[in-house]
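The letters A, B and C name the chains in turn, as written, and every chain counts its residues from 1.
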Amino acid sequence: MNATLAADPAPAGRSALHRRRSRRLLSLAALVGALIVAVAASLAYGAHPVPLDAVWQALVAPTGGEDDIIVRSLRIPRTVLGVLAGLALGAGGALMQGHTRNPLADPGLLGVNQGAALGVVTAVVVFGVTTLGSYIWFGFAGALIAAVLVFVLGTVRGGATPVTLALAGAAVSALLYGLISAIVLGSRQGMDTYRFWHVGSIAGRELAVAGQLAPFLVVGFVLALANTPGLNSLALGEDVSTALGRHVGRTRLLGVVAITLLVGAAVSACGPIAFVGLLVPHIARVLTGPDYRWLVPCAALLGAVLVLLADVLGRVVAGDTLEVGILLAAVGAPGFIYLVRRRGLSRI
Amino acid sequence: MTRPRLQAEHVRLGYDERIVVDGLDFDVADQSVTVIIGPNGCGKSTLLRGMGRLLRPRGGSVLLDGKRIDKLPTKDVARTVGVLPQTPSAPAGLTVGDLVARGRQPHQHWYRQWSAGDEDAVAYALSVTGMSSLADRAVDELSGGQRQRAWISMTLAQQTSLLLLDEPITYLDLAHQVDVLDLVYRLHTERGTTVVMVLHDLNLAARYADTLVAMHDGRIVSQGKPDEVLTEELLSDVFGLDAKVVADPVAGTPLVLPISAHLRDEA
Amino acid sequence: MSAVRNIEAVPGRKQVRLGRLAWSLRPRSALVPAVCLVLLVLVAALNIGRGSSDIAVLDVLRTLAGGGDHAETGIIFDLRLPRTLAGVLVGAAFGLAGALFQTVARNPLASPDILGITWGAGVGAVSVIVLGGSAGQVSGAVAELGVPLAGLAGGLVAGLLLYVLAWRRGLDSYRMVLVGIGLAAIGHNVVYWLLTVGDVDDATRATTWIVGNLAGVGWEAIGPLALALALLVPVTAASVHTLGGLQFGDDTARGLGIRVDRARAVVLLLAAALAAVATAVAGPITFVALATPQIALRLVRSPQPPIVGSMILGALLTVGADLAVRTVAPGLPVGVLTAILGAPYLIFLFLRTRKEARA
């Protein structure tokens, strides 16, 4: 150590900070670029390919031709929904793993997935709702109720800790799953809705669905980004976090609200598109390191890119009979395992 | 006499049903170095955690500038009191530079994430702990001593006028122990920082402390200048240690020489 | 503390000595399983007695002990015993598998479900149900044998894949967990995709299997199940002495003289085999493997999932849920109620023992 307290005028630490920053900016820019490519592909490819210039024309100056109708009424809604759902699940997953400090924590662990599923199944079986547009709200309500329940159970008597949040989430999810199974096993229509809802799909939704859920997602994103400095200090442990002037309870609450809005909205619209929120943050961590201010946006973008690409691949390979989830299982998960073996992903 | 900036009044601290410290009064002398000593499990760390509001009092209060510390906005406290808990752990892959930068969080707002002042504080904290050249390395890959200095550096980046350190020199070799304590002492002499430390090494404690506080069973049994506190009688009562206390030939402060069992048998 | 020779027994640990052998006993770790075992016998007897004509608990117990009349003996041994016995064995296997996975992964969320084993079994079994169902009209012997065999094969393949893919100059538990969620992602998505391929009735039958079902399990399944457990459980018992060390992390475990990677691999493969065998017979009964080790460790107040306690509690939860489901909603599979009964109890327990989670 230096003999006096005078600081070294040109410390090496400063340039190191700048170097890291520019590497992360580069990753972020690359992901934005990838998302633009994925959006273009999602608008152009499918059972009926539309050339890119025709896509552009359909966007800015539609004439009502066949290409225009396909792009505007089919592909724009599913692309918008894919982007929103992917962003939400990626960001929600990164927050979830940060708050539970558990690599096995799925963003649905707060009970959101099963809550939404129970909402949808109840809507169909008990209230006879059949249109997608209406049971989305049942799903969203179910997701919110389940998340509140998990948070209250994980928090009472002494504040939420990673372990209590994770276990409360797992317990409530299992309980809801039991109820869902009981309902769908007794109702053919419930089973039929549930099995197609559960694989996760962004096809066949109207643009209005995205419009209705967008406010929740926007609020969710803002809260998620606001939560990232708090998560950064929580990652150093609760003592250090308190020493740095963070209110641990409030930081957790903010995170839970953000996760619930993001994942609840995405899941009620698209089904649980399983494992996006679980796998994506692990991959994003390779690009950004452990700083949540970068990790959350990168995981969000990566989630959107993956969901769109899986969807496009499904359309191209199998003419729209394969949902996003199955393509993710076929391509995404093996890719993830390869990455785990090659890189040895870093711990949370 | 004016009221000290940090004090505990009849404070009761504990974990769940176990009360460790009960009804304790403690004034931290301003702009001085206070070192808390005592055997394992005597409540030193608990008291320090309570003073740094990492542990909420069950009764009584901890006062910062005369106000209850648990009622003050936690960010304001973090700009005044820096606390380094025992053996904190950093997430994998976090670099030293990023860790130290997180020490600036209490000074940041959502509308001003990073300023030149932050940059300077981080650079200063890195350089003064000799960590500048390691800023790019991951904390979990460092040696124990380097890691300890990285955490101290983070606490320094907080730029607080009070500093509470829980065993800051465990894991360090003797040279690095002296380095850290020299640094802390200079912060005190040159910047007027008030320092409270928990130390296990009695000889170093005696050498660097203005005030030595000896704890036993959750109570303060002796408090004062090192040569008043560190007596053979106290060592026997508090630590159950048979020892001789002589004047340190280098500093003149008390030097504890334990009388080992096999020596006693021969004598 | 003067002389080294004079060592007292460790406080809080009672010693049981038998010649040169010694065991240390902690009262709760013996008491809790004992109480659960008594409960298990009672619940099992109630469950066996339940049917078209109910038989009283005492009569069931007398018959099992060999003293029943001819009619009761026939009904109990031929018709009723297999279902309950399957519940006991499968539940115990899941409880044990869960305890092993949670210890090796050092993660309370680890279970054969989240690490992909039961989803591997699911891919096998649901393929037979769905692809054989509407197209091939699988029925009779093929369905009876095909589903469990395909399930067993799927589960074992998943377990082997988990081991092979996670092994890379040793078996790191974090890598194992990540590979496991990757495998679970594949299995889960394939299973739910298969549900959309068949018709609704196939989907219903497949879901009944996925939830976990004891109805219709006969002696022909009990034999292989019992044999498999008779092989696996003693081997597990012989390997568990390494588990306490594995809990502390690799360096400490090596310091305790454990060959960490090999020990972990052995335990992982045993746990996967146990889960695969149990799943083949009754499907991946919801929540038992995840919850019972956590419930057991809170009841016993041990730092890691207790082996025997997890097994007995797994059996108790499964048979108890079976009894409840047959009382409340006959026709539904047992897995519907394992979670509905187990989850509130787990939540109740960790609300009561908050301090342990906060420490």
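We take it that a contact is a pair of C-beta atoms (placed from the backbone, for glycine too) under 8 Å apart; a residue touches a chain by one contact, two chains touch by 3 or more.
Going by UniProt, the chains are A, C = Iron chelate uptake ABC transporter family permease subunit; B = ABC transporter ATP-binding protein.
Just so it is clear, the model here is predicted, and its values are computed rather than measured.
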**Message:** If I average the Cα coordinates per chain and compare with the overall Cα mean, which chain comes out closest?
**Reply:** A
**Per Cα centroids, the chain farthest from subunit A** = B
**Message:** What's the distance between the Cα centroids of subunit A and subunit C, rounded to whole Å?
**Reply:** 32
**Asked** Taking each chain's centre as the mean of its CA atoms, how far is subunit B from subunit C in angstrom?
**Response** 49
**Fill in**
Cα centre of subunit A to Cα centre of subunit B, whole Å, reads 42
**Request:** Going through subunit A residue by residue, note those that touch at least 2 other chains and give them in order.
**Result:** 347
**Message:** Which positions in subunit C are in touch with at least two other chains?
**Reply:** 355, 358
**Asked** Where on subunit B does subunit A make contact in their complex?
**Response** 49, 52-54, 74-79, 81-85, 88-103, 105-106, 108, 110, 119-120, 122-124, 126-133, 135-136, 155, 158, 179, 182-183, 186-187, 190-191
**subunit A residues within the subunit B interface of the complex** = 1-2, 4-5, 7-8, 11-14, 16-17, 19-20, 226, 229, 232-233, 235-237, 239-240, 242-247, 285, 289-291, 346-348
**Request:** Flag every residue of subunit C that touches subunit A in the complex, lowest number first.
**Result:** 107-110, 114, 165, 168, 172, 174-175, 177-179, 181-190, 192-193, 195-196, 200-201, 203-204, 207-208, 211, 286-287, 290-291, 294, 329, 332-333, 335-340, 342-344, 346-347, 350-351, 354-355, 357-358
**Request:** Name, in rising order, each residue of subunit A that touches subunit C in their complex.
**Result:** 102-105, 153, 156-159, 161, 163-164, 166-168, 170-172, 174-175, 177-179, 181-182, 184-186, 188, 191-192, 195-196, 198-199, 274-275, 278-279, 282, 322-323, 325-326, 328-330, 332-334, 336-337, 340-341, 344-345, 347
